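Structures given as structure tokens follow.
Each of the next two complexes has subunit A plus one other chain: subunit B in the first, subunit C in the second.
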Partner chain A sequence: MSEKFDCIVVGAGPAGISCAYELAKAGVNVLLIERGEYPGSKNVMGGVLYRKMMEDVIPEFWKEAPLERPVVEQRFMMMDKESAITVGYKGMEWGQEPYNNFTVLRAKFDQWFAGKAVEQGALLVNETVVLECIVEDGKVVGVRTDRPDGDLYADVVVLADGVNSLLAKSLGFHKEFRPDEVALATMEIIKLDKKTIEDRFNLEENQGTTIELFGDATKGILGTGFLYTNKDTLSLGVGSLLSGLIKHKIKPYELLEYVKNHPMIRPYIAGGEPVEYLAHMIPEGGYKSMPKVAGNGVLVVGDAAQLVNAIHREGSNLAMKSGQFAAEAVLLAKEREDYSEATLNHYKTRLMSSFVGQDMKKYKDSTHHFDKFPQYFEKYIPMANKAMSQMFTVDGTSKWDKQKKIWRDVGTAGEKLKLARDAYRAWKVMK
Partner chain B sequence: MSEKKCQTIEEKQYLVRFNADTKSHLTVMDADICLNHCPDKICTIFCPAEVYKWEEIRMHVGYEGCHECGSCRIGCPHQNIKWEYPKGGHGIVFRLG
Partner chain C sequence: MLHIVACIKQVPDTKIIKMNPKTNTMDRASAPAILNPYDAHAVEEAVRLKKRYGGTVSVLTMGPPPAVKAIKKCIEIGADEGYMISDRAFAGADTLATSYALTKAIEKISKIKPVDLIICGKMTIDGDTGQVGPGIARRLDMPPLTSVNKVKEINVKEGYAVVQRKLEDGYEVIQSTMPCLMSVEKEINEVPYSSMTNMLKAARYQPIIWAVADLEDVERTQLGLKGSPTIVSKVWAPTKPSGGEMLEGDAAQQTEKLLNILLEKKELFAGKGGA
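Presenting the complex of A and B:
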């Protein structure tokens, strides 16, 4: 089947589907290749889908897409072993159109989304692995699949093959990632009665909560946990840099069990029944780990291009935007009948001048910083918990004396200076 | 005793649907490295599905339960794992998340 397409998109996740959707809509002959049984069968995320970037692809998608709950409250827990400082925001404006974000279950959502691309005219082929790009005269001209006679040709190939990004690596666009450039996350979907979820999270019908967990959720190593409400399930997960798991010799599923049994989390999930266990990597290298994203006859989008904003737990939205920009570049190349890197680089220009590139740059040092200086998670979060405990425990000590004690407990003058310096540094990598 | 109970990895894996291929997509390239040059055998710790198990003198690779995350390829301190995707349509099948 030595067929020729205008464009081949490898991988039916948010980036690949967005790209295929836009191209099909514009009348381009596009093939979308998925290695799983169906789109979503290999795809994992915590579960937050941002409305804006999805709407940029399909207006008012929330009227028909399989979503779980619109998120009306976002909480952040700074956890110690038996305590937590919680901050959050809840707003009713997020509970109505046009919404801010939704919890989703990817196996359902991705299938629906890919179906929409097919409606636009994209050809979807499942259960097919792309083994390598076919390169002729320094230009990608197609893909080699694991099907019999599985060479397929196209003017341009879009690599949306996810975090492992094997195809871009084989083209020499990036080296193998290091263990401190990826996070390993595990999660469970926990079945719980709808009404119980609403009672426990102080929600009304069709409202959802997200809780991000810092500190003891990852036993003080760099990482985060999360607890999200779906319709009649909860998504509870924990992720940390692979290098952290290696250094501390922690089994990821034991870390997940630790979070499940944490006294701040246990009551939320009590009586729930785990119905699925999932593991996945997250690209966390940021801007400095981004591969080359455009070449002769080829573009790299989504996780495959390391497009994740770890600080703000954004990824699928960056993926969708990158897919759209890639489609734009393909259309431009088609118009010019020139699929060289020079033309396709339009994608890179658009990507890097948009919020995607800007945010990647803004947080380029953040993960590295918190990885290099473990005291934020190991020391300062427990310290803050202790300070809150002391301040709010009424025991006959004056508030002045309490404040003095808290300040004394920070340590020597040198340690106080270090705290101030770390606070400044944290601000610097986040500003 | 509180109601603390820990689920084992076997119990977790039981919740997942796999459509295993007959051939492994994960290959330990040089068995001697695991045996003689890798005292930590860290893959047996960080693999989220406990695919890698050390059996006295050799590494057992239970590829059938692999989540295809890619951690072993990146985390092996000796880059001793050849990592491919399972054949199209095979391997893990997530139904929900």
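Presenting the complex of A and C:
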């Protein structure tokens, strides 16, 4: 006899757990299904957890959650082969309550977060793969798992099955994603002494730094690298659009090896021992790649709904927010005893009018633009590095002459015009 | 109705555990805790016997609170009930003290429902002793049937069990009175992918947890570190053997060379069945 739940959430990541947590808290009979050995065992991100959206789910979570370091400094490196222009901000206000964001290790954090949902009354089943949604009369009524007697029923199913959501795809909500809609990120967790980390990154205890890497970190392919400080490890990774990797015939791990050996990065990780290697896809198609997010008896949240702001490396926070909005829609549907698309569309309305939808719209063209015009990463970042080098090298040339030379090096009048046009275009897709 | 108690333990996954090179002890935090793999086969066998003859399967463990996870794993396999004894007084127990504490728990379980059969895994992967099972049998005055790789028959009414034991030089089929204790080899069965019904049951399940005070007639001096006469004088990770000799040539030449070496060093093999 198959069991019936009020709601089944597929996938225990930030979106799925947030949704299950809110529903369980409201007394809804919710089942959370995870394919990994435990929540977090298969989940990957660079490692920045945003305080605000997490706090919206669990107030003052930092008092008990397994976090690594509160981030007090954010740096951005525009890298060439043997140089980098670095900008950044460091502020002590980020080092105290309520904090801005934290570095985390997902295997620990997600496990804790899912435990909180279970405390609220959610039922968690691990090591189980959902094969498909059970559809009857054009309505999702449950899920089919890979276990014996594995069919389960629910009034509504929330798909939080991650990037590449096969379940949403099988419902016809989206097509197979193109290589220019997804990035592939690889990362290593590198063990280093706590004190060494603090010395190298100019930190005190319980302070962390994030460094985003642009340009040569991805050999000029559209993408970014990152270097984050954890308690006694560093997270170093690099991700770029699948289409770029294919075009340049570069294997993802080669890119990671390249970054590890880059003279701007090498000293940070020297003497460290890689203790974990992770790889994951990131949905980067943005607003234009978003699938249908609500149907009869079904909602799509988090990465499965392509909710990633690639420009600001945000994703888990959008996921959590979407999980909360989905829970809200489920509660509304329960109250009305109507799980049709019309009612569940409440989720879409809430999502798109919030910062999640707004930011997705704001950057709808940005990834595509930088993918289409590779000169930003390939040409302008090295150009800026060279200009900085010339300007700050003291060799008896007057600063006026230096400026003239830098301007001359931009190229012909046509190339100067192109630079101006590209700058305008970049501003336009980011504004 | 057959009542089977399976004794299980949560252990660090020794496939990936690291040794602390300074203290020569296992760094237990370096590996995730899992259900001892041999015990999974013990529980599976209990569940299979339940299906064959009817009855109930209880699992029992001694351990710290997180060991509840191992009991839940057993419920996933198909056990009906889980008991855990957890108390600071049990800490530091060797196999003697462990078998004592588990015996006291089994005596209490027997009062709820008489126990016909106890099944243990061959040994744990963190201790490798295989002593706790026979220890419990001795304390309960039951026949210990070790190295069981097949249960041929159980007859509750007439009170006997027929099992096949795996010995170094063959198999042995024996009949024993019941109640008895079996410790099983891992080839006795294959643990299948659990059903959704069992997964949901396990997700909801909360085991019965007893502290020392909940058990009866317990001599506290026999518990934990106090009740453990075992002295661990030294633990070390074995060094990897280096060198060795590679025999080259075709099959006949290699056989010839090997034969010569064996004959040369025959005293090494003497004493075991005669060289």
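The criterion applied here is as follows: the second predicted complex is superposed on the first by the 430 of 431 C-alpha atoms of A that agree within 3 Å, B and C clash if a C-alpha of one lies under 4 Å from a C-alpha of the other, contacts with A are read in each partner's own complex, and residues count from 1 in each chain.
Methods note: a residue touches a chain if its C-beta (ideal position, glycine included) is under 8 Å from a C-beta of that chain, and two chains touch if they have at least 3 such contacts.
From a predicted model like this one, the values you see are computed outputs, not experimental measurements.
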For A:P148 in the superposed arrangement: first (subunit B), second (subunit C), both or neither?
second
Using the superposition on chain A described above, determine whether A:K362 touches subunit B (first), subunit C (second), both, or neither.
neither
For A:H280, select first, second, both or neither according to whether it touches subunit B, subunit C, the two together, or no partner.
first
Subunit A residues in contact: does subunit B have more, or subunit C?
B
Applying the touch criterion given at the start, work out whether A:R35 contacts subunit B, subunit C, both or neither, answering first, second, both or neither.
first
Please indicate which partner A:E3 is in contact with in the superposed arrangement: first for subunit B, second for subunit C, both, or neither.
second
With the two structures laid over each other on chain A, which partner does A:L123 touch: subunit B (first), subunit C (second), both, or neither?
second
Figure out whether A:K379 sits in contact with subunit B (first) or subunit C (second), or with both, or with neither.
neither
Which partner chains sit in contact with A:L245 here, subunit B, subunit C, both or neither? Use first/second/both/neither.
first
State whether A:Y253 touches subunit B only (first), subunit C only (second), both chains, or neither.
first
Considering each complex separately, which residues of subunit A are in contact with subunit B in the first and with subunit C in the second?
128, 145-147
Would you mind writing out the residues of subunit A in touch with subunit C in their complex?
3, 31, 123-125, 128, 145-152
The subunit A residues in contact with subunit B across the complex are 35-37, 40-45, 47, 105-108, 126-129, 145-147, 163-164, 166, 176-179, 182, 184, 186-189, 233, 235, 242, 245-246, 249-254, 257, 260-261, 266, 270, 274-281
Quick check on the complex: what are the subunit B residues that touch subunit A?
3-7, 9, 12-13, 15-16, 19, 40, 42, 45-46, 48-50, 67-71, 73-75, 79, 83, 85-89, 91-97
Touch list for subunit C against partner subunit A, complex
193-197, 199-200, 203-204
